[in-house]
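What follows is a set of notes on a single structure, which appears directly below.
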Amino acid sequence: MTPAQLAALLHDVAEGRVAPETAVDRLRHFPFEELPFARVDHHRVLRQGHPEVVFCEGKTAEQVVAIAQSLVAAGGGFLGTRANEAVATALRVQFPGMQWNPLGRTVYLPPETGTVRKTGTILVVTAGTSDLSVAEEAAVTAEAFGHGVVRLPDVGVAGLHRLLSANDRLQEADVVIVVAGMEGALPSVVGGLVRVPVIAVPTSVGYGASFGGLAALLAMLNSCAAGVTVVNIDNGFGAAAAASRILAG
Amino acid sequence: MTPAQLAALLHDVAEGRVAPETAVDRLRHFPFEELPFARVDHHRVLRQGHPEVVFCEGKTAEQVVAIAQSLVAAGGGFLGTRANEAVATALRVQFPGMQWNPLGRTVYLPPETGTVRKTGTILVVTAGTSDLSVAEEAAVTAEAFGHGVVRLPDVGVAGLHRLLSANDRLQEADVVIVVAGMEGALPSVVGGLVRVPVIAVPTSVGYGASFGGLAALLAMLNSCAAGVTVVNIDNGFGAAAAASRILAG
Amino acid sequence: MTPAQLAALLHDVAEGRVAPETAVDRLRHFPFEELPFARVDHHRVLRQGHPEVVFCEGKTAEQVVAIAQSLVAAGGGFLGTRANEAVATALRVQFPGMQWNPLGRTVYLPPETGTVRKTGTILVVTAGTSDLSVAEEAAVTAEAFGHGVVRLPDVGVAGLHRLLSANDRLQEADVVIVVAGMEGALPSVVGGLVRVPVIAVPTSVGYGASFGGLAALLAMLNSCAAGVTVVNIDNGFGAAAAASRILAG
Amino acid sequence: MTPAQLAALLHDVAEGRVAPETAVDRLRHFPFEELPFARVDHHRVLRQGHPEVVFCEGKTAEQVVAIAQSLVAAGGGFLGTRANEAVATALRVQFPGMQWNPLGRTVYLPPETGTVRKTGTILVVTAGTSDLSVAEEAAVTAEAFGHGVVRLPDVGVAGLHRLLSANDRLQEADVVIVVAGMEGALPSVVGGLVRVPVIAVPTSVGYGASFGGLAALLAMLNSCAAGVTVVNIDNGFGAAAAASRILAG
Amino acid sequence: MTPAQLAALLHDVAEGRVAPETAVDRLRHFPFEELPFARVDHHRVLRQGHPEVVFCEGKTAEQVVAIAQSLVAAGGGFLGTRANEAVATALRVQFPGMQWNPLGRTVYLPPETGTVRKTGTILVVTAGTSDLSVAEEAAVTAEAFGHGVVRLPDVGVAGLHRLLSANDRLQEADVVIVVAGMEGALPSVVGGLVRVPVIAVPTSVGYGASFGGLAALLAMLNSCAAGVTVVNIDNGFGAAAAASRILAG
Amino acid sequence: MTPAQLAALLHDVAEGRVAPETAVDRLRHFPFEELPFARVDHHRVLRQGHPEVVFCEGKTAEQVVAIAQSLVAAGGGFLGTRANEAVATALRVQFPGMQWNPLGRTVYLPPETGTVRKTGTILVVTAGTSDLSVAEEAAVTAEAFGHGVVRLPDVGVAGLHRLLSANDRLQEADVVIVVAGMEGALPSVVGGLVRVPVIAVPTSVGYGASFGGLAALLAMLNSCAAGVTVVNIDNGFGAAAAASRILAG
Amino acid sequence: MTPAQLAALLHDVAEGRVAPETAVDRLRHFPFEELPFARVDHHRVLRQGHPEVVFCEGKTAEQVVAIAQSLVAAGGGFLGTRANEAVATALRVQFPGMQWNPLGRTVYLPPETGTVRKTGTILVVTAGTSDLSVAEEAAVTAEAFGHGVVRLPDVGVAGLHRLLSANDRLQEADVVIVVAGMEGALPSVVGGLVRVPVIAVPTSVGYGASFGGLAALLAMLNSCAAGVTVVNIDNGFGAAAAASRILAG
Amino acid sequence: MTPAQLAALLHDVAEGRVAPETAVDRLRHFPFEELPFARVDHHRVLRQGHPEVVFCEGKTAEQVVAIAQSLVAAGGGFLGTRANEAVATALRVQFPGMQWNPLGRTVYLPPETGTVRKTGTILVVTAGTSDLSVAEEAAVTAEAFGHGVVRLPDVGVAGLHRLLSANDRLQEADVVIVVAGMEGALPSVVGGLVRVPVIAVPTSVGYGASFGGLAALLAMLNSCAAGVTVVNIDNGFGAAAAASRILAG
């Protein structure tokens, strides 16, 4: 129930077309349809121009195609994460413009009106080449959400000069997403070099006692650089969503 | 070595006052003093006007007082976290203006020039009364860093109407810090209600299988609300620092 | 040994057909066959009319069919959980009336006398679409045990209005089973909305630091909503069995 | 806003005393005060006659007394859990009728109108004498909530005859709460003996690899007795609350 | 009900003094009092001559004294584990013959009839001096249970010659209890040197990543020496009880 | 024995004061090339008549056949654990008498001289049908080591009468191996019913929070039945080896 | 920028060929290219003559071949770890001299100038045959780095004489790498026998409660032999790299 | 050597064919009472001049004094770790020359002959001031073992310039011990800057999800810098012992 509908109902009451008791009943049963946050939720999608995001893992190609058709029919575009080749192939049959990023395992179709550009540059820093898949998920998501993205790969802390020589890019970013597996030390170092928000993404890259990314996750949570925040293991999408909250919030 | 000092040195070389070999030696031995990030680090403190932050736990009152004297002598103000009553008492003997917040366990003395005010309002949301100490640490830190702070306590998810009736405050915040122990569900709910950045702080509040805050930590890392980020258990200071990076970055 | 058999034995003793010492021996060696709980156990199955439940995972199709034949021959019906397609196909060859639910991975054949209807409605609430398989296992089990079932899917806490708009269904349930993965927050919210028993089922849905459902499990055990109880990860069957104890107990 | 207030407002609109636009504004800003669950929440306390429950651990005696005064002034009675002797003593100075149970660490003052009696008997079964504190917390809570309580202590599974000889009490209960530490086996055995709901409470009793109750918790979650549910470690209060949902729901 | 009582009852039936129905009732209600294992349990204590064992931790001195008085009054002796000095002092006031072993934290009063000697020698091997307390608990328990005990302390694997030079004692034992903290390697080495049963006791001795004995526990469970069994961390009593089952079983 | 002592002894031999045979005896007890355990180790195999045991998992069929040929050529028989069908088939081509137990995943060829029979009966108790594979590994190993074996399957604690009605078998065993997954409660119950050694084997059977057998392992380590010992998860072989140490030690 | 280049630049400034401001700019933007450690890093590879090391797991054969071509073209040789057969085959098509070690899963092509021999012998000790793969990775890496390697396999602590009889080899080593799974006890024993550095490598060999090598890892970290250090689970390469730091450092 | 061979040798001695001294030599290489490691172990202490090391935690002051008296009487000096003030005071009463280091919690008395100086410099690098206690334990131990020690405190990775500006000290060290808590990133950075051995010491410094040093431990085990090795949490002594093996081995 929109405010307009509410106003109409109350006018009906005022003018005797609807009895007060009837209005009480209607208001009692639908108090939540008209909650501000529900409307806002809906409007935000339209206003921001970024597509719905679908987690493709565990869904069949048919299911993903069906969801995409529904979203595209509504003009909203489509961003899929954790999409394997079968899903990507099936989507591209239906949507030739669908962009398939095999490294980041993403599929992306901009909304009809095009991606709405927004201010701000997100720097996606990666420790090792094995972390690139998660970093690419973050980068593609950030671009689909309308933000500028700069990639800074392979600057792990065991070869510090690689990071330090990219100081310009670090200083120019509005938000930095740092993706690292193994010992997860890179966000602490980056956090000491920049003043802007740093979002750390632990990855499951590593072997032995990395325990599926637990080592990197704990390291990042315990960062000695004040104000570094952390998202779930391998959650490149989540980091980009957090960065977008900062830039578009 | 500042850029100005470097320029002066090179002018001396150009004008023959310093031999090239001597300049090589001076540059070789101090390459790091003049790193952009080092200078920036130093300048940021002065420019932002917020004081150094000292983690008081595990330090004697004498040690904390000595650090405070050094910082205050430099005009930089003082913010101490995890300060017990002994520390606070000792500090107030020396610094009558020191503000002692027993709930948040903080001690704060603004810099001589006063706290530099900055734009932005941080909403600190708390699930239960037992989480208030951590929330207060975040709030005091945020205020010392120059940000506006609004507190929204005791809105745990088991009584949802308390949170929903504060929707105005949620919508007006620039950043939301959500502090919760036990099952750590509140950041997910808040993340679904607002578009701005949400920083989740798990607390060690709980018993039994909360395992010192692990339950809340894992819940927050697995939040179904996209773009929620997490800091360490009980790390109210870290959340405020992250919020400050967002607002001042 | 039934009470009747015991009475007969004692009459034999009374009438001299059996010596007391012989009776002592017989009673000494079979004290447990006649335990009340053993009899009750057997009687309960017949009286309640719900079939034996077989956990099919790790059993071959042949083994499951053999068990089903034995149970059906006894007139008791058959409910199998964690049944894959091979098992289902083999069963339907033998039992054309066998109902195969691929989402819930269940196979069900009502007893000859039909499912005994019992009072009470169980509401099965699900946080996300990925949790539906576990929820369906709960729903099918509850139906096979004779209870009314209402499904309320996809009402995760990040979009609270979806849950709140279904308040009627929440208020009308006699027991609520809440199935959720990721941060496992939904049972706390539901627990605050209803007065009836809430049984929480954590699922292994999630990635990264969900650690196979551990995050959701810990969250549910630490629920701030008083009186929420928890079953094992992915244990939809167990939740339904618990609900049935409540309604039929 | 109660339904009556809402009706009054709408009558005012119908009769022209309040303009529709004014009503829209009032309804927009207070949608949550009148939520069904909020009212219900409030009414339930009055209707059921059981007092508010306060977790005293981590609160000073002064704080607990203040809370108690507020609650008692409202006529609602008072139940405190995890209360140490200092808290109990302070309360009894103010409220001579306050009942202090040092074993269960509870303090209880019935509401002015007395405890409202409800149907149903809760059997609280305990494995060992060290588990008695948690069991007593459950028992006192259940009694304060108006339920009949029977205690069956010290029936651990290593001496099975103790449990079996109490079969009558097991069969007569409406809900069974089973409290056990160490290997946590007792709920499985009890679950096989009774048909009614079984709520398992792991305790932190044990040493070495009990890991603060983790061993018992995991055992109970993995119970081979279908339909046993579990609450948090040492959470006797939670078990009683769950039992009360079953009996009063 | 003893076999004699049962025989008497049945004779009463045979001779018409008790009606069969009455006997059914009496047998129905007391099936467990006469269970073989219950009687055996009771008889074993008397027959083996070893006292009841009381875990003193968490009990007051008064409580322990009361238990001891009850047991001693029954002539059964008393063995207390985890007894601190306060408990020991209180006991010795009442029972001057009570033996207090501060290293093993045990208190022991032999039964009136003296400790019943049994065959077999238990060798208690200890890795380091810090493990001695747990080893002593095992040794005192074994002696109280009537077994011969030989102690072999401080033969950790980092100085292998110490163990090898005690080969005679290893070869002469009937059961070997191996107590070790830190890396818990000693049982594997001992298990390779002897053919008799080896019972491994991990201790919580160690620091850092010993995690309260977890490291030693896992090592012992993974022993490459076939047939080594393990008890709980620090459970010297349990190891002695297991050894006693072997020697007296 | 120091070098000096050794030199003195040899001078005594050289000068006829000590006979060579006497010197052999004195030296026999100290040198380790000829250590009793090395010799004994070798002799034990011959004397006890049980074959070498080979862990087949991770070995190719060719590798296992080669090992078997070597052992059989030496007349020692062959016992393989964790053998899949490919291994079994390859072995039976070479050794038609090889006994393949698909449930226990064992292959067994008695030594030429036949299995040496030894005293003692091992009872292998199993909680559920899913634990049978581990139980069978224990049973086959025990038989190959020359011990009598009685199997008691499917007596989980949720249906206690099944176990209690087998009390005779429990009382007649010399050692009891108890195999259980899920909550691992069975060893505690059995430990309270028998006086002989009880060896608990946790299995990885279970789902959700069984965490690969961790739940059962912890439960067994925390058994409230004194003197129960534990082997590694799924280690049926180890339990049989421990039982054999007891019976043959 | 080398010191020579820096000197040249400064001479240009001194002689007016470069303006001071231009020099400031050049120095400001390239401070890190000339860091001592960056140059050293590069030089070390050439000077030590050992090839780059590539972790092949998770890379396609094509990717590995491309990296190898790049490295070999630069004359630097190639060492690949965790290489499966497909990778090895593809490499050997391009580089017939590539050495494929299927046990250690390594591929190795010496640099054009041959492996640079260095002083020192590394003894690689292995507990069981299942640990050989990790040990071989260490051995091949050590050889490729130019060190002498001696292998001592299958000397697990349950058969101590095997290790003790190899005492000569232990005493002659300059560094000992000890590879062990299961209970991880071998490094403690070896650490007590030698004075030289001991590097412990836990392996994921084991089952049940080895938890993927965690048991061995914790045991090694808690070694009672002073001065034993540990690398990650299964990290044979890392152990060899550590040994090489010691011998070549 | 078999008994027969031994008998033959002794007969040869008895009959003059082999001189006793020759026999001593042949026997010297096998018996273990006189094993090289035992003798060596003893000789090493004398030769290296470093004292026995005593872990004082959990020992009374009296016990430590007694041990010290025994060691000092033998002329061997004394090094105690984890010594509190009571222990230190008691020792200094007896040994006025005992050096008490309250930060490192060490007590040290050089042997009568003075500390034997050895080659090599150990650099002890510390991340934060809270790690200094562990670092000091390492430094004092290294000095007592005769090595040169340089301290480099407070160079955590969040302020990288502090570490980089100390590059000279890094390059001059023979072994680097890196002590860090929180995220444990420093060893990875140092490992990339130096070629010499790097020994990482995780500390229990940190809060929340550092879990007593687990976060730092896992990070260090997963270091992306090849060849970094790790010792137990807070084990400064162990790191120094490992460094001493490298320098003195």
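As written, the chains take the letters A, B, C, D, E, F, G and H, and residue 1 is the first residue of each chain.
Simple rule for what comes next: a contact is a pair of C-beta atoms (placed from the backbone, for glycine too) under 8 Å apart; a residue touches a chain by one contact, two chains touch by 3 or more.
In this text the structure is predicted, and so the values were computed from the model without any measurement.
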Let me check something: if the centre of a chain is the mean of its CA atoms, which chain is farthest from chain C? H
Which chain lies the greatest distance away from chain E when centres are computed from Cα atoms alone? A
Same-site or different-site touching of chain D by its copy chain F, using the half cut: same
Cα superposition angle of chain B on its copy chain D, in degrees to the nearest 5: 90
Can you give the whole-Å distance between the Cα centres of chain F and chain G? 39
Chain centre separation in whole Å, for chain C relative to chain B (CA means): 50
Centroid distance [mean C-alpha coordinates] between chain F and chain A, Å: 55
Out of chain H, which residues touch more than one other chain, so two or more? 32-33, 35, 37, 41, 159-160, 164, 192-193, 208-210, 214, 217, 221-222, 226, 232-233
Touching pairs of chains, all of them, please. A-B, A-C, A-D, A-G, A-H, B-C, B-D, B-G, B-H, C-D, C-E, C-F, D-E, D-F, E-F, E-G, E-H, F-G, F-H, G-H
Please output the residues of chain B touching chain A within their complex, sorted ascending. 35-37, 40-41, 44, 53, 164, 167, 171, 174-175, 192-193, 195-199, 217, 221-222, 226-233, 237-238, 241-246, 248-249
Which part of chain E faces chain G closely enough to touch in the complex? 127-128, 156-160, 164, 181-185, 188-189, 191-193, 206, 208-211, 214-216, 218-226
Touch list for chain C against partner chain F, complex: 29-33, 35, 37-38, 41, 55, 57-58, 202, 204, 213-214, 217, 232-235
For the complex, give me every residue of chain E touching chain C. 3, 6-7, 10-11, 13-14, 16, 19-21, 23-24, 27-28, 31, 34-36
With touch defined as at the start, can you tell me which chain A residues reach chain G in the complex? 130, 159-161, 164-165, 167-168, 207-210
